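Both complexes shown next keep subunit A, but they swap its partner, so subunit B is in the first and subunit C is in the second.
Take a look at the complex of A and B:
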């Protein structure tokens, strides 16, 4: 009797199918969309012709390049200064400063912008009120310079991380060798450090460039009223504002995608070059502390980092909180003015309540799903190399070069005529597509660090693949999983650029509602809801942290007790 | 009856042969070593026995059971093996007890029995009191003992060792070697041991397989390999060797002319017409300059003396660009650098390859 034989690699094929549906299809649909007249419509080249053969989008293109260039330059400068201080001057309290530098990632640039608008808007901005009282000239954050400043401020952590990583791994003996050869500080920096560090500076610049080119929230809020629209915003507008034209959005998307692809190629090149200059091994000396922790340079360094933390996190969150707690905002206030009116008002808005619930469900649910899929993709890539696992990994990596706004657009093309569209499932799909690559990479690094011999030792002992995963891999990856949950959970909770394109009243999430409040000029309610978002996020992170430190401590105490 | 049988095992990466047609039989209870420089294919061979790598072709049997050929592939976990890794590969999230109990858990041994067997095994590797410790609280030597206990606790017939001592310092290495020997005497497992350290191979093994460029170039007891190396590679890899190229032969190969213009007599068994004459430094004898009647005498100039405490190492010039190393037991009145001396190369110690 003929027997149906399942192929040996059936699970791997299934994984590839899932990954393709999640990460490959939306991008493909987005690209194909440029050739159509609309969802379900006929094929044609009208949209392509308008984008590529007319000058209609020349201005947004130039604006995108200009904004991205300025933000990247400013952000890289901030980043290299902070990285240099933290790595080489080594100020006191580095642990806390490190957390402070990373805070903007958790606050999100858009929420940071809300805070900064309250601080720096022309008349009633809190800083301006203070400046005017002191008889000093005032600032205007609702300007090109203001937008650059906010965007750079909140993207700094991404550049900082890259440069810091390289600085830490440049063997300090190379600098000492320059000194022994007679070079002074300036000679060492120009002759040794800069030539070894330029790939990192380039990669930081490119990443900041790409991130700011993708962003439409801050440009939309601060620059569009001045007649500046970047490509991202144009795509957002073409899919959400009348007259809607998704085909044209897709055609613009191709321009944006080419830009980010070039960026990623340069980035990959720079990282490869940097690897050649990494001269530190596990046993090499760490960067030397040239001066004591309480010396003058160390204190000045500490002060500079503190100033960054204050302007990027402390001030905007403080401003946001005050605005959320003040019924009427005039830039000036007395403590007796504080009330919960705005919060109560916001919590009475059905849309906000739905979004709050949705955000929590989507964040928890898609983080768990992503961890499972990403773990399997990374496991295949690191532990079971084959053509199939490589293809799966490549497909899963596609979204890394695709701006969020284009993922959102792809989702529209793919699902708008299906019942999925008006449900929360569409937001789940957005998150799974957008954040799969980051998580795959985190698990890849984790698995490589764990070392394959620990797996193999278990196989020798007779353990099946499932047992190895449950008893060896997952416990050893616990740290990676916790930080992955923190990083990706934060990104999902704060995700705006893709969700803003596909949300409906039932599938709205917090950042989208906040963004729409801002667009309607409802700053008080936006601040109140942003405050709620920050508080929930911090509570979630605190929970993860507790789960990571308190639980193992408790468990080990119980074990010692038993022994 | 053999415990492990490899027949024409080959591992190919594109056009490169990592292992080229290796055939090997290991008898039950035998301790064999795969010895060779890095890149010789010894670790790949071991990993193929373990099932951690798949051969390109050949057949492989473990305990009379086919585990690999063109159609059959038994997974690592089903091969009933023990293995000790170079990096120890002790699981950092499990206690010593948890590590050693793992193979028993996989084999479905009852909990109560597990505890007894783990404890017994830990006593044997002298870790009796450390069962509840985590690996991070142990020294490198102790971690390696945990790995050893884990490999043996389920009493597998075959245990594989992948350079297990190379991460330990010299003193620890010696004590681990002795522990390994006593455990082998006690349990009589079949051992395949990979190393590049010839001393380790000679101390531990019943039989050594010397590997080079993916092939086994010679197999034998440590003594056979040392005294009758099959080729120049083995001669130079195992122990130190003076190699003198042979220029000419006469008397049917019983006498050879080596560089430096010396005619040397060979033992009858070695009377072959081959490329080089090999003699170990400690076989070279210092004789009084007035000696005349013996064969195989060479005049030499002492170039350098290295004093090593128990012995002295001599570098000698035989003339015409031919040099010789000689080891002497250290005593008073040894020749100095610059002295002209007479050395004897006993025919029975001359090997031709």
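Take a look at the complex of A and C:
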């Protein structure tokens, strides 16, 4: 009886099909959307011609490039400084500081921007009130410099993760060889570390550039009211001002998409170069400062990181907390004004409760699915390079620069005639499309850094691919997986722009309810719900930490005890 | 643009011509029983959540067996979403409420609503039935200039009554405007574009006052309360001013002279709604005297458009006792034909001037 022979690359083809359905189709739908003149209307090139053949959007494009460049530069510099301190100076309390550095990604930029307006607006911002009382010059967060600074603060963790990872995994023998040859710290940094690290710096810069170019929340709240206009604002205007022109919004989205594709090409090049500087297995990085965790350099390093944590997370969360406890914020208040009324109202609101349940379901479900798909895409790209894996990687990467609102539009066009539309399932699909690129990036970096020699050794010993994955790759990537789950889970829990287009009364999620409270002018209740959101995220992260670190350690101690 | 024009022409023609079979609406035991059997109704709306929750709580006091699913799609995005769904044959929403007359007229022209005639139609003001039998406007919006008394003196506030006084150099850098993306923001812009001596030159002078231009009215109120931009111009209305004052925030308001009064929420029953009886019951109740009283309640706080219903709002009664309060003088109503035909052009002019 003849045996059915499946093509050798069937799994890779299946993966491509899944990735195309999840990430490619919504983007394709958005691209086709640029050719639509209206709902159910005819196709035409008017929108594309206006965007690409006139100067109508030249000024917003230049503004986008300018702010993205500045934010990427500043964010990368912050990321390098923090990664250097954490990896090489090794301040005391590194575990807690590490959590502190990553905190901004757990705060939605939209909510963070509200916190920063409360802190830094010129007249009555809390920081300015304090500075004025001390006779010091005040700050203006509602300025280009202010918005750039806040955007950089919120994006630093992405750059930090990439740079820190590379810094930790740089082959320490090269640094030791430089030291043996008499090179000083400065010489080692400039002559050994920087030349090995530049691909990571470039990767971090590109990722931050792309994320800044797409971001609407912070420039939208801080700069647009004062006459600023960029591409993400142009998209917002075309999707909210009557008569709505979704075709033109999609066409503007293509500009961002082109920028991303260029960015991804640079990133891919940087990653390829980065492979030259890897170590086999986890080796400890070399500490530059050998004087112990309580030495002056270590304490200064600790102080710098603490200042970053306070500015990027503690202050905006404190401002939010204050707003949640006050009926309104007018710059001054008495202690007797503080109450828990807003929190009680929020927790009694059935819409908020339903949305909270939906958010938890969507976050848990799509994080698990994304982890599996992203791991396979990254594995194909790093361990089994081929035209097929490259195409799969590219398709999975494309949504990174498509603004959320356009992913939402693409989803509507794609699924409006299907039973998925207006259900929680479309919210799942939104999350899978939006966050696949970030997770693929994280797994890719992780896989590159652990090297392929262990895989090859296991294969020579006869291990199957599945065995290698289960017994070598996944254990070595345990840390990356925890980080990936934390980062992507947070992003999903905070996602607003696409969900705001596809939600219904029964499939609403938490950020949509927070946004609607704010849209109503109910900033106090919105702040209260945002705090609930942050607390739940922290609880989820604590659970991840417990499951990933504390429990295995406890089990290991128990086993050692029994032995 | 051409499409909007055609829609407006078709619509205005439709209003004066014999229309499709119009269903008479009244609350009968049979309708209540059928609605209760359906058990729920989905309302897509644009107003603040708290206001709509309060209004629906009043509806549920009368009809506790009908659950109202509230779905907020604010501004014109809500109208666009409904248009897309209907074009795709998705019938999910039972009742629609929107404030943008242009968007509402487009929806009506696309036959998005069931033509109905409530039994008390004779009690409604002329503006309430401008899009009848598709849409009925249950309330009116009255535009106010809001200010923060901690940062604006009484003498300055008195000046704000006059439309041109906002151009006083003393107000430079203290004003907020809002992008005219929503119905409630468009009406005062229509006045500006039509009033003698105002128009584009006025907008340019306003821009020279270095205003902050917010994306929505809530941001402008927040900046007002915090003192960042202590005068909110062209974009706030009486009901939100009353609600903000009620919260204890440092806010007062004046009516410009003339005061702009325009359509509030326009309500319609969506065609092929999944809960047709509950939708009819809800709309009939909203347009009834009981509905009008609920709309004039402490949280929704809009003035009902029923001509036989006095202004029973407690918020207005309270502020009327304040020394700073002065009732409106002359009233100006937008020409709806101008609204339907020209609002996109006015929006574009505003945006071009303000984002120069």
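Quick note on the criterion: the second predicted complex is superposed on the first by the 342 of 563 C-alpha atoms of A that agree within 3 Å, B and C clash if a C-alpha of one lies under 4 Å from a C-alpha of the other, contacts with A are read in each partner's own complex, and residues count from 1 in each chain.
Methods note: a residue touches a chain if its C-beta (ideal position, glycine included) is under 8 Å from a C-beta of that chain, and two chains touch if they have at least 3 such contacts.
Please read these numbers as outputs of a predicted model, since none were measured by experiment.
Colleague: Just to be sure I read the superposition right, which of the two partners does A:416 touch: subunit B = first, subunit C = second, or both, or neither?
Modeller: The answer is second: A:416 touches subunit C but not subunit B.
Colleague: Between subunit B (first) and subunit C (second), which, if any, makes contact with A:390: first, second, both or neither?
Modeller: After superposition on chain A, A:390 lies in contact with neither partner.
Colleague: Which of the two partners, first being subunit B and second being subunit C, lies in contact with A:121: first, second, both, or neither?
Modeller: The answer is second: A:121 touches subunit C but not subunit B.
Colleague: In the superposed arrangement, which partner chain does A:535 touch: subunit B (first), subunit C (second), both, or neither?
Modeller: It touches nothing on subunit B or subunit C.
Colleague: With the two structures laid over each other on chain A, which partner does A:241 touch: subunit B (first), subunit C (second), both, or neither?
Modeller: Second partner only.
Colleague: Where does A:522 make contact in the superposed view: on subunit B (first), on subunit C (second), on both, or on neither?
Modeller: A:522 contacts subunit C only, not subunit B.
Colleague: Can you give me the overlap between the subunit B contact set and the subunit C contact set on subunit A?
Modeller: In subunit A, no position sits in both the subunit B and subunit C interfaces.
Colleague: Note which residues of subunit A are touching subunit B in the complex, please.
Modeller: Its residues touching subunit B are 451, 453-454, 456-464, 467, 471-472, 475-476, 478, 559-560, 563.
Colleague: Can you tell me which positions in subunit A touch subunit C when the two form their complex?
Modeller: It comes out as residues 38-40, 117-118, 121-124, 142, 220-221, 224-227, 229, 236-237, 239-244, 246, 327-331, 351, 412, 416-417, 421-422, 501, 503-506, 516-523.
Colleague: For subunit B, which residues count as touching subunit A in their complex?
Modeller: Residues 50-52, 75-83, 85-87, 89-93, 95, 102-103, 106-107, 131-132, 147, 150-151, 154, 160.
Colleague: Across the complex, what residues on subunit C touch subunit A?
Modeller: 1, 3-4, 42, 48-51, 69-72, 74-77, 79-81, 83-85, 87-90, 92, 100, 102-103, 106, 148, 150-151, 176, 179-181, 212-219, 221-223, 225-228, 240, 244, 247-250, 343-344, 347, 351, 354-356
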